[in-house]
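A short worksheet on the structure shown next.
Note that the chains take the letters A, B, C, D, E and F in the order they are written out, and that residue 1 is the start of every chain.
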Amino acid sequence: MSQEYSFKHFTVQFPANHPYVAHVEINRADKMNAFFEAMWIEMSQIFQKLSEDPNVRSIVLSGAGEKAFTTGLDVKAASSGPLFSEKSDLDPARKAAFMRRHIAAFQDCITAVERCEKPVVVAMHGFALGLAIDLSTAADVRICSRDVKFAVKEVDIGIAADIGTLSRLPKVVGSFSWVKEVALTARVFEAEEALRVGFVNSVHENRQATIDAGLKIAALMASKSPVAVQGTKEILNWSRDHSVQDGLRYTGVWNSAALQTKDLSAALLSGLQKRTPTFEKL
Amino acid sequence: MSQEYSFKHFTVQFPANHPYVAHVEINRADKMNAFFEAMWIEMSQIFQKLSEDPNVRSIVLSGAGEKAFTTGLDVKAASSGPLFSEKSDLDPARKAAFMRRHIAAFQDCITAVERCEKPVVVAMHGFALGLAIDLSTAADVRICSRDVKFAVKEVDIGIAADIGTLSRLPKVVGSFSWVKEVALTARVFEAEEALRVGFVNSVHENRQATIDAGLKIAALMASKSPVAVQGTKEILNWSRDHSVQDGLRYTGVWNSAALQTKDLSAALLSGLQKRTPTFEKL
Amino acid sequence: MSQEYSFKHFTVQFPANHPYVAHVEINRADKMNAFFEAMWIEMSQIFQKLSEDPNVRSIVLSGAGEKAFTTGLDVKAASSGPLFSEKSDLDPARKAAFMRRHIAAFQDCITAVERCEKPVVVAMHGFALGLAIDLSTAADVRICSRDVKFAVKEVDIGIAADIGTLSRLPKVVGSFSWVKEVALTARVFEAEEALRVGFVNSVHENRQATIDAGLKIAALMASKSPVAVQGTKEILNWSRDHSVQDGLRYTGVWNSAALQTKDLSAALLSGLQKRTPTFEKL
Amino acid sequence: MSQEYSFKHFTVQFPANHPYVAHVEINRADKMNAFFEAMWIEMSQIFQKLSEDPNVRSIVLSGAGEKAFTTGLDVKAASSGPLFSEKSDLDPARKAAFMRRHIAAFQDCITAVERCEKPVVVAMHGFALGLAIDLSTAADVRICSRDVKFAVKEVDIGIAADIGTLSRLPKVVGSFSWVKEVALTARVFEAEEALRVGFVNSVHENRQATIDAGLKIAALMASKSPVAVQGTKEILNWSRDHSVQDGLRYTGVWNSAALQTKDLSAALLSGLQKRTPTFEKL
Amino acid sequence: MSQEYSFKHFTVQFPANHPYVAHVEINRADKMNAFFEAMWIEMSQIFQKLSEDPNVRSIVLSGAGEKAFTTGLDVKAASSGPLFSEKSDLDPARKAAFMRRHIAAFQDCITAVERCEKPVVVAMHGFALGLAIDLSTAADVRICSRDVKFAVKEVDIGIAADIGTLSRLPKVVGSFSWVKEVALTARVFEAEEALRVGFVNSVHENRQATIDAGLKIAALMASKSPVAVQGTKEILNWSRDHSVQDGLRYTGVWNSAALQTKDLSAALLSGLQKRTPTFEKL
Amino acid sequence: MSQEYSFKHFTVQFPANHPYVAHVEINRADKMNAFFEAMWIEMSQIFQKLSEDPNVRSIVLSGAGEKAFTTGLDVKAASSGPLFSEKSDLDPARKAAFMRRHIAAFQDCITAVERCEKPVVVAMHGFALGLAIDLSTAADVRICSRDVKFAVKEVDIGIAADIGTLSRLPKVVGSFSWVKEVALTARVFEAEEALRVGFVNSVHENRQATIDAGLKIAALMASKSPVAVQGTKEILNWSRDHSVQDGLRYTGVWNSAALQTKDLSAALLSGLQKRTPTFEKL
């Protein structure tokens, strides 16, 4: 499996003690895991692959090195890229068309995490700035270490965050007042505050402890029926964007096939027999 | 009134000291209030009746016995029912049609609590698993006792929860990360955690104290203009599922009739005279 | 500038030490800042003006006097107005048409705060009842003093709140259970509770400390690129009311023009040079 | 079968030469098939029954007698009913609550035709006024005889049509200008105009010819795979109310079960063998 | 009344033989009724006034002079205005902010026709280009003379139509293929084609005959209950933008007040007595 | 250019006399242009390429050979593919997951035509069955030859059409009654009927005349400002799926950048000088 999952900017591992769990790590520690275009394209490919891999049932995403989950966009790399180029002699409408395509492609890479059929637990530590927030709001469960420093950093470089934070953050955290403040001021918030507002679920001692906790949550998910777990992720995401009535109907149609799984009797029987069920691949 | 409200699996009472308040209790304590089909059909009929009963202005829902609000679906009963039957020689498409109808009918029974025009306070204690969450998210206000054990239990039996939890839980609690975790792992969460994330409003000493607190909240609601209270419930539910602009417009149309109530002057006058207003039935 | 911003029921100031920040204060302390029709019309004009004023980048809204941010609708004034008049011989359908127009016009005045292109921080103290909640949910960031007393007061006068609270409160606070309780009972909630549920972001010693904190937040926003800040406010509000997919697409179209700002290079360069950027007016 | 389908105000027949087709007829010819409350309740029960009857695959709806499909609401009967009662001493808000429930219940009876899982062809002749339009827009296919006289009659009795016409007519006919004109003037339109604007699909010589044509269309539908036909009806109705993107996704989820039917191979094989396929019941 | 309705660029008349009908005419025949900014602002004020005028129940809109309903935007006037100014030294993001405000204000003036509570019949002749289409799609009923020349002209001046045509035309005409063709090519289409696709309801001999026909339709609307007619317009517009389910619910809430009108019994009684009902003002 | 656009199952040409127009032809005449998986994947790549090619401003899509535009899915090829395989020992839930992915991928290939930023005119002749309808409803303008035979063929093979027809057809044709009939019966409809209901815009003598007419329409589009044309396509598609209010707002944001194009002055100047404008690439 290792060969298949050999990538340039990310490591993908399959911890032996956690069957069906994949561990993806951003692997550019010397640059605090800052992202440039090739990285988000690669990341999108990884999550697409994991989404369809029947040996994978849940995923942990973390960053290499002690300093940062990721400091976000590698501004230096980006400044020589299309977004910052001023040389162009295109008129503003044509530049805008170019920008739209670029942003859409970038957004799509981050949305790959949300689209991934398996749940994704993101374990953050150190600096987690800008793109870190876009990325983590596209994941399912967020946890962090005590030393984390979060910021919706984009206004500090003259940009309204456009890769997902502004669309998803109000839907993953309850206090719109808090969302507005951190997005409009770019101020840093730390672990306790993130826990209090519900941005993260739990705070851990350090990077390793956070990853371990993430693996444990992921392993728990991976021990359940994959039909049930993947259906749950999909229906929760659909429901976020639809009325309760549309949510119920979609759920009914979804489950009309899902309930015909053998996992149902497997799970029930195991429950009665007090043993761990095994489920076929999905 | 007692005769009218005589049911097999539920008790319905009208506490003398709380005018206009109905107290509905799931009455199958020996089976930890686990549900089978006849029960949710009956429950739907009760809430439909209360919805139109002019003598009722608010409702408390609780479970009988010290052990559980409800442990959810009675799996044993269900396993002899249609969902688990494998004998059928229908092809999967025909089975799916059958499932869809079954799920829709079941969902509709739970939605009866949401559709009820009077506010519903749900007072939970002990085990509150699976269907307990579906049911309580269809209610308006959730409170619990210190000993409560909640779980979105469905993935443990190989199912994506399909009777309401996945559609409503993300809309009643702010932290989507937390919702994802409890729905994807089926882990138990207790009173303090439920309070912290906003799933419940308050935690009480034990079952009786919780019910008493629920009755007190319900009594407070019942002391207000029923035109105002029922309009508030309806508009809040509509607004949950629509844009702010659509919410405002619906509110304006709704209140164009509601403001023509005599309750307005009754309430104002009582306010000035420092006495309790009385309102006509609704 | 003072002359331009001379109003009858509000003071508008531009604190010298906070460039680009406007401070609007409800100025009817002797009546606890209770609102009558001329006031909300005037307020709407002020926010429309600030929205287009290139010298303004963020706004603080507070109430004059130590007792109250505002006690809401001036019921005495209102009771001689159209809502409470019973003399009319119009049939209920015609009265309803009249009501709808009246409510829509009133709502529109409050929505002026949301529509204002610059972020609005509302600093509340003392009584903050009824309309105070409608008003503050239309603002971006809410903070309060330790002595604040909040209530969604409308059911107490026989009304379902119709000027914004019921449409916006469920979208600015995560716990729907809590929203239902306070809206259906009209009970008072105080600073700590408001902080816990995410209604406010922070609690301060007293009125002045709250205003100072509000000015500080507003000043921080005003120090950023106005292109970035105003885009962030707009996209967050759009995203609240749309699916994530629609949010992402709108963001892409918005930023296709916004990214062509000079603020981007100004911000980046200042960042590298460790100095404060200056941005052109907007 | 005849006994099961014995009703007071409707006849339900199963034409021998058209297997799986049900023919429902409004049976109050002496009153031009005008509707009173018991009739729409009965009609709702009939369509609910047909929806779940595996012996039925499509339905024709027509009116008895030569004069009218239906002249709509029996105003005389209605005027002694709740809508027209003025005696009530309820305040307008309480009356409104009563009205809302009444309208919702009435709408739900008409929506039973749309909700019916089998396609419904409505064959209209003579007078087809008011409720006739509400009813026919809830059906799937509309055809008529040369002598038909249609009118969205409601404004003539001082009412905005509230049982479905105003919500569905703009979605079943392309010209909104035409919809507005006929709804705002209540003027009569006849067969040729109805055909031109797409309200009906075809015009036939007289009542009997129209019913025969309806039966032929219904029989054609009944000869196809019921899995395919019922899925098509459902997905078309869903798509009418959702974006293309949501339509595609719902379709994919629906068909993920539906494609597992044996009808697929039955239909294909019959196609190759040039014979009529037979399908299992649904 | 004439004095109240004295305007610079429009005439507003109240034809003696058509009670409750207002006739608005664009009055710049020497420039083929081409629009500049002051005109659309004035038009918006006129429709706002008519919307609330109890003496008005329906409106006809036409253009003065034999040559044109309107040739649309007065490009010469506009080219010295903000849209075409290139002198500005604003960066493209700041220019875009300026544009957005300008477009929104312009759109809002045209939407005043849609927002007007009374139905608007637009009678078009001669050239009806660009803004003519935006304007007429915001009206309720469209009719034209035999000599009309329509075009969605905007792409010919390098613009995607942004004042309403692209948002409304697909919702007022059934054939999206036709809408795409005329919007993407700017080709002229004439009366017969407009009738065939349902853009207009009827074609008349010449300008005067068209206006007369418009007045006749408007008079018919004005003879009905204004409660019923205005409710019908509002509900049809709401339904265009919402699902059938949301349409039905909004209708029920709307009519819960509207059905309490005296017009209901007035209309019924007049019907029985075969005489013309009179209705109170609205 | 020819080399770049060399494909296996499609020809792509750039007619010399129609600058900026691309002509795509399905090139499997010996099998009546029936589709198998490699074909729709290739088609998706072609439209993605054309979408971003600055030398292309509009596209015509047709089918090679005299017999058919396309007879749709190559059932023989498909029957050895995943949809029809029965050998699998997966449980129905796992099969459904597999189906969902397959359908989504297939849909996405067809949606590539809609997503293409340049307008697509589809010129159909002969048999145009099943997938032909899915495909053509994703295009912008539909025209056909006199000999065309259309059918929404899917129910004939036991399937509810799932690649786009059921989601798009109700939005491109006004008569929902007609849509229901052809989708539920799979009956053939021909050129005149297609024209009458607005499915096609025009009917031509034969295949070649249809293609020529398509090229002429495409050439007209290609002669306009590409900023205006591409904006028009995008805004029309957005508006189809959103409320008028959301349509207007999106349009304003879009045009805030688009109006900054030089095409505006180029088009205006050319108009005054009565010559053909030239526009920069996009």
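Points worth noting:
In this section, contacts are C-beta pairs under 8 Å (C-beta built on N, C-alpha and C of every residue); 3 or more make two chains touch, one makes a residue touch a chain.
Which protein is which chain? UniProt says A, B, C, D, E, F = Delta(3-5)-Delta(2-4)-dienoyl-CoA isomerase.
Just so you know, these numbers come straight off a predicted model, no measurement behind them.
Judged by shared residue numbers over all numbers used at their interface, chain D and chain F contact each other through mostly different positions, with under half in common.
To find the repeat of A-B among B-C, C-E or B-D, check which pair has over half of the same contact pairs by residue number; it is B-C.
Across B-F and D-E, it is D-E that has more C-beta pairs touching. Centroids of chain A and chain F (each the mean of its C-alpha atoms) stand 35 Å apart. Centre-to-centre, using mean CA coordinates, chain C is 48 Å away from chain D.
Chain F has its Cα centroid 33 Å from the Cα centroid of chain E.
Counting partners per residue, chain A has 92, 95-97, 171, 173-175, 197-198, 227, 240, 242, 245, 253-254, 256-261, 263 as the residues that reach two or more other chains.
Contact topology of the protein chains: fully connected, every pair of chains touching. Contact residues of chain A toward chain B in the complex are 119, 140-142, 171-175, 197-201, 217, 220-221, 224-225, 227-229, 231-233, 235-236, 239-240, 243-245, 247-249, 251-261, 263-268, 271, 277, 279.
Residues 92, 95-96, 245 of chain D are the ones touching chain C in the complex. The part of chain B that touches chain D in the complex is made up of residues 52, 90-94, 96-97, 101, 117, 227, 230, 257-263, 280, 282. Those residues of chain B that touch chain E in the complex are listed here as 242, 246, 250, 253-254, 256-257, 260. Chain B meets chain A in the complex at residues 75, 79, 83-84, 86, 92, 95-97, 99-100, 103-104, 107, 111, 114, 154-162, 164, 166-168, 170-171, 173-181, 183-187, 197-198, 240-242.
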